[in-house]
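A short worksheet on the structure shown next.
By written order: A, B, C, D, E and F. Residues from 1 in each chain.
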Amino acid sequence: MAVVVQNISRTDRSIANAFGGFGVSTVHEAQGRKGYLAPYLSPIYPGAHISGTAVTISVAPGDNWTIHVAVEQCEEGDVVVVAPTSRCDDGYFGELLATSLRSRGVRGLVIDAGCRDVADLQTMGFPVWSRCVSATGTVKETLGDVNVPVVCGGQLVNPGDVIVADDDGVVVVRRKEAAEVLEASRTREEKEAVSRERYEAGEVGLDVNNMRERLAEKGLKYVDQEPEH
Amino acid sequence: MAVVVQNISRTDRSIANAFGGFGVSTVHEAQGRKGYLAPYLSPIYPGAHISGTAVTISVAPGDNWTIHVAVEQCEEGDVVVVAPTSRCDDGYFGELLATSLRSRGVRGLVIDAGCRDVADLQTMGFPVWSRCVSATGTVKETLGDVNVPVVCGGQLVNPGDVIVADDDGVVVVRRKEAAEVLEASRTREEKEAVSRERYEAGEVGLDVNNMRERLAEKGLKYVDQEPEH
Amino acid sequence: MAVVVQNISRTDRSIANAFGGFGVSTVHEAQGRKGYLAPYLSPIYPGAHISGTAVTISVAPGDNWTIHVAVEQCEEGDVVVVAPTSRCDDGYFGELLATSLRSRGVRGLVIDAGCRDVADLQTMGFPVWSRCVSATGTVKETLGDVNVPVVCGGQLVNPGDVIVADDDGVVVVRRKEAAEVLEASRTREEKEAVSRERYEAGEVGLDVNNMRERLAEKGLKYVDQEPEH
Amino acid sequence: MAVVVQNISRTDRSIANAFGGFGVSTVHEAQGRKGYLAPYLSPIYPGAHISGTAVTISVAPGDNWTIHVAVEQCEEGDVVVVAPTSRCDDGYFGELLATSLRSRGVRGLVIDAGCRDVADLQTMGFPVWSRCVSATGTVKETLGDVNVPVVCGGQLVNPGDVIVADDDGVVVVRRKEAAEVLEASRTREEKEAVSRERYEAGEVGLDVNNMRERLAEKGLKYVDQEPEH
Amino acid sequence: MAVVVQNISRTDRSIANAFGGFGVSTVHEAQGRKGYLAPYLSPIYPGAHISGTAVTISVAPGDNWTIHVAVEQCEEGDVVVVAPTSRCDDGYFGELLATSLRSRGVRGLVIDAGCRDVADLQTMGFPVWSRCVSATGTVKETLGDVNVPVVCGGQLVNPGDVIVADDDGVVVVRRKEAAEVLEASRTREEKEAVSRERYEAGEVGLDVNNMRERLAEKGLKYVDQEPEH
Amino acid sequence: MAVVVQNISRTDRSIANAFGGFGVSTVHEAQGRKGYLAPYLSPIYPGAHISGTAVTISVAPGDNWTIHVAVEQCEEGDVVVVAPTSRCDDGYFGELLATSLRSRGVRGLVIDAGCRDVADLQTMGFPVWSRCVSATGTVKETLGDVNVPVVCGGQLVNPGDVIVADDDGVVVVRRKEAAEVLEASRTREEKEAVSRERYEAGEVGLDVNNMRERLAEKGLKYVDQEPEH
């Protein structure tokens, strides 16, 4: 009963691309502190920052066959998201599959399992966010599904949703909320730029954010250190 | 009943600074193999090496309000140490707070919780040792304490103690023991320099450290590998 | 009853060296997906890639004395493999021992425990694959064994076996199977080079590997996404 | 923007109840090996076995206020499912809330966080499946949502879905698939009863499941142990 | 420089004993949600509930010698608290040492490491809260300290402090705060008894705790589930 | 290239059985503190205590086919030991396979992976020591080996070795060392019986084991607690 869903509705390409200008933490906050995949999904090398539209893959434990199936469903600007149906640390993905995905314009991979060939992947500049690095290979016996909703890093990801990933991890933005969240990300960043200037000038957050009155109400006390014996 | 303790007694600045010339492992050994914070506190980027005087913060889970409160208690040469009252992996700290701390001369942060904006923090050169990286934000609802004794990474840290941190992790040195431990670190390093030269020249530790007699007493046997079948 | 086994049978040096041209994942696959040490054994800095013959050390928890004992059993081209008799995260190994090992031509260390002085080890270019980084020191009280079979990262390692290690982790190859596995690694890499070219040219794995027929037999269905409400 | 969704569509009560006659592993297999919540969700005491309809709660980290909100949305035969928006090990739930839920006919709780008062909960016979046991309390500051889809133990749970829980853990069955999965569970159990009799009589699985031919095709070899040296 | 501190100031015996009437979660709340040891410290068998005065022991990794040293410092009504100076999962403690401690009136043990002989310990009714169960033995080579402040499960424990332990874990109460916290525990329990009656009668927490107005202020919305497609 | 090794040399049955009279910790110590499988292998229910001869199984991740193959290699008094070739938490084993093994006289199972149907297994009294409990099922696609040496819980287990398991975990004894270790276990237990009597009579370990002189040599100091401020 394995299924490949074709011709998915993707988030508008220009919107998905524009998210690449914002960090994962900014986007996470801008959409109301939701959508952040579990922090154990970390980049295999530092410095990558991508955004794109999700092609989702549900795989059996220890079996990467469905990733091969999914390749031809990908297009320029996609990010592939892979979730096993039960926890698995095996190395589902390496540089050959990366070569194939890159030739179709895929920008990176998020996988709630292991990844291998990490030195090669860094050399070729194909970023992966994974649960772990593992050379343990997988088989090609059991089929999974392509472009169905998956839970990856504890978050629901639908095909066509926006994925943003950087050194802080990975965040998903719903397709229908993408335009609004993009705008909120811009607003947040502009507001932070103002705060940053004040912080650089030596002002403290208690003043920048007008917190002193509320702190007093909550009963915060300032005392001097007791003299020592 | 939240409290900010002001005007804490810090370790002498010249002593605290001088620890920056010694690695965490050296200092840990020099003070009798104690004071090392749990190794899950790791640097968010490699290559940083700092020392300074602790400003301590006890925070509620998922709430970074007290870090804002603590900023104005910091001075040039401090290292901020944050411990939640129960385990929390959220991202309490990012580049805005780092900007604020840096403007006051703080050298880095040690936090038994999550950190975010790690790419920005690396770019601006503000090092953090944290339990994890996480974009998950925090709220500002519950007050904690500033400059009280905290347990961070399983070690007690008092305000004003010395913190040394590098790629090996973080070590705390009591304020009253700092001068003595600094001297012991110097002595240890000088002794190691002598050993290093002998090792480079090809001598083995059994001779450099006069271990052969004690090994024999303990009954160590040298045998040849049995021929194979 | 501690024992040092001398004059072990090592894998032929030219064979052991030749493995350095192949990645850990390739070797692991080429020998039938076996011999991969647990992925928690990770490099302390990225980019190292070594191969060599194993000198094995069984150590007591929190005691690195036997590593000193083992140094003079090492020769040019060896890789030292250390396994504690029960789980221990302490920092058994640092730059002084690395200096000693390097002066004998040892290429690196694999340890199912902690390592320290990691900044120094990176500077001097002595790679270590370890369970963790920890400054916690060890004592020299209890003897262990040198060049006995050990279990490291869940895999049996015999003295003289081949060790290959890179950013994907560590794999062990039995001495008697080394020539055969080396040949299989070459074959695999040549085959992958052909696939890589086809992937770069835009072919997908379903065609490169003739998978379409088997997928149809397994009942894979292609459907279009349902229109949304 | 916190929301309580009222008057949810629950799985038919008689169907939800009937699942109580089948183990979690049976149901998991019967629906095609899906829907099993991560195995770190374990019972706080052994021997409980429940089924019911999900009332779902999304909570902020360290804040159990929304569980209080949800109580009056519960009815006889429900199982409450709680998921924090980021990982939290605090003790959200104890015997007072259990008393309240039980008075409304709730059969148990599944929570991707901590639980406390476990001795009392065992005494009163209110089962909980949790990530951990923790006495750490929570606050009542931030609102969450009731009866929205949540991800708990890595699985999506919708309000009204069937929850089955026993010593093997927790499985979710979609409301619309419940009748079909119930039937498949019955079929599976009947088939297993036949196999069980044959196993008890001494037959082996190779014969009970006709595996010998396929094993031979796969190349399985039977050899005698080599004589020892 | 190992030290045994004798004649420590213990919390008044009648106060320490009285804590045995209150659960760990109650005491933890009553003292302002602090003092709870990390929840990985769990009972080796269910159903034990003790309170007493702490005798503290700092041990080297893999070395239980100092526990033997500490036995004669114990008296009727004590609870022994053991913390290794670095993480160690070895089995420091078994039924022989338990026999020795029990003969002096010690009520149980809390250890941030491993414990063994757990079946025997259950049979003899000597409860232990430990990080893990492990048969791995320890040596008697390195001395530690008795009755110094230790960090156990991430909490500072001073000799003479009150320890309360049950199925929820372990909480420490400072000696000087013990009388006050005991009183607060009583008050809390009385208040909970009132709430419990109301919950049993079917009232919900929103009314019992007068939460409805504050929920409305926070903007909580009640909506009906949307009809399905 | 999968292999079933038949007619293995088992440890003498009377010796293997006699180990059932000794606890895992006793046996582990008696053979020189070795052979203890990692403590994450824990019993699925408390109170079981078995010994027997190992039938070993190497399985692919997520595939339990080879356990079926192994059943007919078992005989009265065996203990089955299962190790996956890479980490896997799936539920390989449940009550049907247990029924089959029990009908052949197998006493229990040790598996470095998951187990399910744990309530049923407890009811039927078939003990299992596993890495975890998981309902996640496995497939029957890839063959493994029967009665080859395996690494389970970090220890090498050969077919025919003795396995002893109780609430402390699992220990393996080499077939050729079994008689000697059995004798050493008896000796150890007799010695402990003497110590136990002295402990019960109130003597402390420092006297029972004549430790006072060595403690003094090591420099242990007894001091009184300083008076408080």
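Note that a contact is a pair of C-beta atoms (placed from the backbone, for glycine too) under 8 Å apart; a residue touches a chain by one contact, two chains touch by 3 or more.
Keep in mind that this is a model prediction, so the values were computed, not measured.
S.K.: From chain B, what is the lowest number of touch steps before chain F is reached?
M.R.: 2
S.K.: Looking only at residue numbers at the chain A/chain F interface, is the share used by both copies over half or under half? Answer same or different.
M.R.: The interface of chain A with chain F is built from mostly shared positions.
S.K.: Using mean CA coordinates as chain centres, what's the chain D-chain F distance in Å?
M.R.: Here the centre of chain F sits 30 Å away from the centre of chain D.
S.K.: At what distance in angstrom does the C-alpha mean of chain D lie from that of chain B?
M.R.: 42
S.K.: Residues of chain C touching 2+ other chains?
M.R.: 1, 33, 36, 85-87, 89, 134, 136
S.K.: Chain touch graph shape: choose line, ring, star, complete or other and state it.
M.R.: other
S.K.: Which pairs of chains touch each other in this structure?
M.R.: Every pair of chains meeting the touch criterion: A-B, A-C, A-D, A-F, B-C, B-D, B-E, C-E, C-F, D-E, D-F, E-F.
S.K.: Spell out the part of chain D that touches chain F in their complex, as residue ranges.
M.R.: 23-25, 28-29, 33, 36, 39, 42, 46-47, 49, 166-169, 171, 192, 195-196, 199-206, 209, 211, 215, 218-225, 228
S.K.: So in the complex, the part of chain D that touches chain A is made up of which residues?
M.R.: 1, 32-34, 36, 38, 85-87, 149, 151, 154-156
S.K.: Under the stated contact criterion, what part of chain F meets chain A in this complex?
M.R.: Against chain A, chain F makes touches at 60-63, 85-90, 134, 136, 139, 141-142, 229.
S.K.: Where on chain A does chain C make contact in their complex?
M.R.: Residue positions touching the partner: 1-9, 45, 65, 68-69, 71-72, 89, 91, 94-97, 99-100, 103-104, 114, 116-120, 122, 132-137, 140, 143, 147, 159.
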